[in-house]
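Both complexes shown next keep chain A, but they swap its partner, so chain B is in the first and chain C is in the second.
Let's look at the complex of A and B:
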């Protein structure tokens, strides 16, 4: 069993009258258990040269009948915009809805359910996508630590 | 101008090669190096039923947080933590509009609410936040909460422009 720990410290000496300091640490477990997450996509680094939105992980594809294998399981996603130009950002979406924008140096750390819904004909599943603000090239890092990733069979035809 | 930093550390033996993240971000306004200067302050809410509700409302009248639509290119950040020792309990974190219904759904088809993920006991998250009106609300629904057995306690803080 693998052990993965995550910690965050939020600080500001001048945002409020008094200093702000907030810390949290936790171990990443499989959903509803105390068994550690044991799979990962690995850390990816890409130089993106298009403003088109892309899937970061294999698309959650509707099969019309069954929920996907890892629907509802525990996944943790890290995305970082490595640009050093403060005007450049990536727009992060889930299910085509904007979560927010990561400007240069910004990151996110969030749970992800890999949600899918076989009843939704629009195929609006829980894919996480990013879209760079410029096509001149932006470095982006991302990874997912989880209970599993559903990799597509070769030559998959999407209806 | 304020200086707000978030330091993330992740360590894992999940692969033979290890996996580590050590990163610090300074929260700046959109497209600039000027620091964010507004905050909701640290909020703590006690959820005493299983209803699906807005935790943080974007762009709505009466909201503590001003509208932060995507067209405004804003750079808000949200931190949320589920204060619970029992790792079998969770809160479902959604993006959309809880007013769309109190029944938990994965996707109601009109994209007004969608589940991002679940925070199990003691877990936390930090994300950028668009905060668009209605479709950008951050919603929450606990798996376990009641007046008699104990509320689901959630802490959050918003930093915004």
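Let's look at the complex of A and C:
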């Protein structure tokens, strides 16, 4: 069984009266099981030179023939803004809902249900998008570790 | 002041992929667009959720859009402390589902804390108020101690309203009320009632009332998968 471990540590000597030292570690399992996740999109690194929002992973399309195969399965997303300019950020969205902004050096680690969109138009189903704040070039890393990615068949025509 | 957040993702060679995965990243949590450290936190909280039956399961709201600076570099930490592998919390930002936190899972992500618009109105104290007269609003009763309108305004202003805050300048006879949270029950009906006044000739007129027309667009909620006890840990670091 594939064993992938995610760990976080949050520390501060001076945020509170007492030191903050929080850590958590978990093994990535398939939904509702103790079977390790065994698929990944691999680590991507891109130099983005447009402020347009982009899909990080293949768009989740519901057109009658390509349903959301992995909806509700276990997927974990890592995104890191590798910029070193503290004013530069990327805006992260899901289903066109803004989650938040990752400033220089910031990362996120979050579960992803590849869900249906409840508020927006068709074909925005659960997509995770990022939009750089500047068009002068920003490095961004991302990966997804999951139970499967819905890769499109070639020459897919969306109704 | 500094807060450090580090993440590591590891998998041995031949597990997830042929080569070992060893990813680590460290960042300092700073305010948006600056190198100034975030200085506020809710602290690490723990909440146990339960319901009488599966049909009674409700989402628990952990953070409201009004709780932090909109578009700030706010960060959220969540962890499902359950040890039963099938149990999970579904995490939502507003109405959109992010994903599920199964037993032992944690998440750390930015939060833009987009607030909506809050209801407000102006209260004018006039006429002849006497000691012992009262004005009740939001379940709280303020009692006049003399016949001076501005003194009664000061008393109303110093009263703690659970769902409203007040703005008042000394000597004035008007008070502006602001809702604590965005939106409202209807998001279209402004407060127009006088509250409950107990005075023979004093008046407490509400004017310039505006409804909270837009709800928060980024409240963070979690919905447990079972009605039996589950516990979530959560913290917010914010501007």
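The rule is simple: the second predicted complex is superposed on the first by the 147 of 159 C-alpha atoms of A that agree within 3 Å, B and C clash if a C-alpha of one lies under 4 Å from a C-alpha of the other, contacts with A are read in each partner's own complex, and residues count from 1 in each chain.
As a working rule, contacts are C-beta pairs under 8 Å (C-beta built on N, C-alpha and C of every residue); 3 or more make two chains touch, one makes a residue touch a chain.
Predicted model only: the values in this text are computed from it and were never measured.
> Based on the superposed arrangement around chain A, label chain B with chain C as either clash or fit.
clash
> Check the residue A:17 against both partner chains and state whether it touches chain B (first), chain C (second), both, or neither.
Neither partner.
> Touch test for A:110: chain B only (first), chain C only (second), both, or neither?
Both partners.
> Once chain A of both complexes is superposed, is A:125 in touch with chain B (first), chain C (second), both, or neither?
After superposition on chain A, A:125 lies in contact with chain B alone.
> Just to be sure I read the superposition right, which of the two partners does A:155 touch: chain B = first, chain C = second, or both, or neither?
neither
> So chain A touches chain B in one structure and chain C in the other; where do those two contact lists coincide?
On chain A, the residues that contact chain B in one structure and chain C in the other are 2-16, 20, 22, 24, 26, 29, 31-34, 37-38, 40, 42-43, 74-75, 78, 80, 86-87, 89, 91-92, 94-95, 97-103, 105-113, 115, 117, 119, 126, 143, 145.
> Quick check on the complex: what are the chain A residues that touch chain C?
Answer in residue numbers: 2-16, 20, 22, 24, 26-27, 29, 31-34, 36-38, 40, 42-43, 72, 74-75, 78, 80, 86-87, 89, 91-92, 94-95, 97-103, 105-113, 115, 117-119, 126, 143, 145.
> Per the contact definition, I'd like the list of chain C residues that touch chain A in the complex.
1-12, 15-17, 21, 23, 25-30, 32-35, 37-39, 41, 43-44, 71, 73-75, 77, 79, 85-86, 88, 90-91, 93-102, 104-114, 217-218, 235
> What does chain B use to touch chain A in their complex?
Answer in residue numbers: 2-15, 19, 21, 23, 25-28, 30-33, 37, 39, 41-42, 70, 73-77, 79, 81, 87-88, 90, 93, 95-96, 105-107, 109, 111, 114-120, 122-132, 135-136, 157, 159.
> Where on chain A is chain B touching in the complex?
The contact residues of chain A facing chain B are 2-16, 20, 22, 24, 26, 28-29, 31-34, 37-40, 42-43, 71, 74-75, 78, 80, 86-87, 89, 91-92, 94-103, 105-113, 115-117, 119-122, 124-126, 143, 145.
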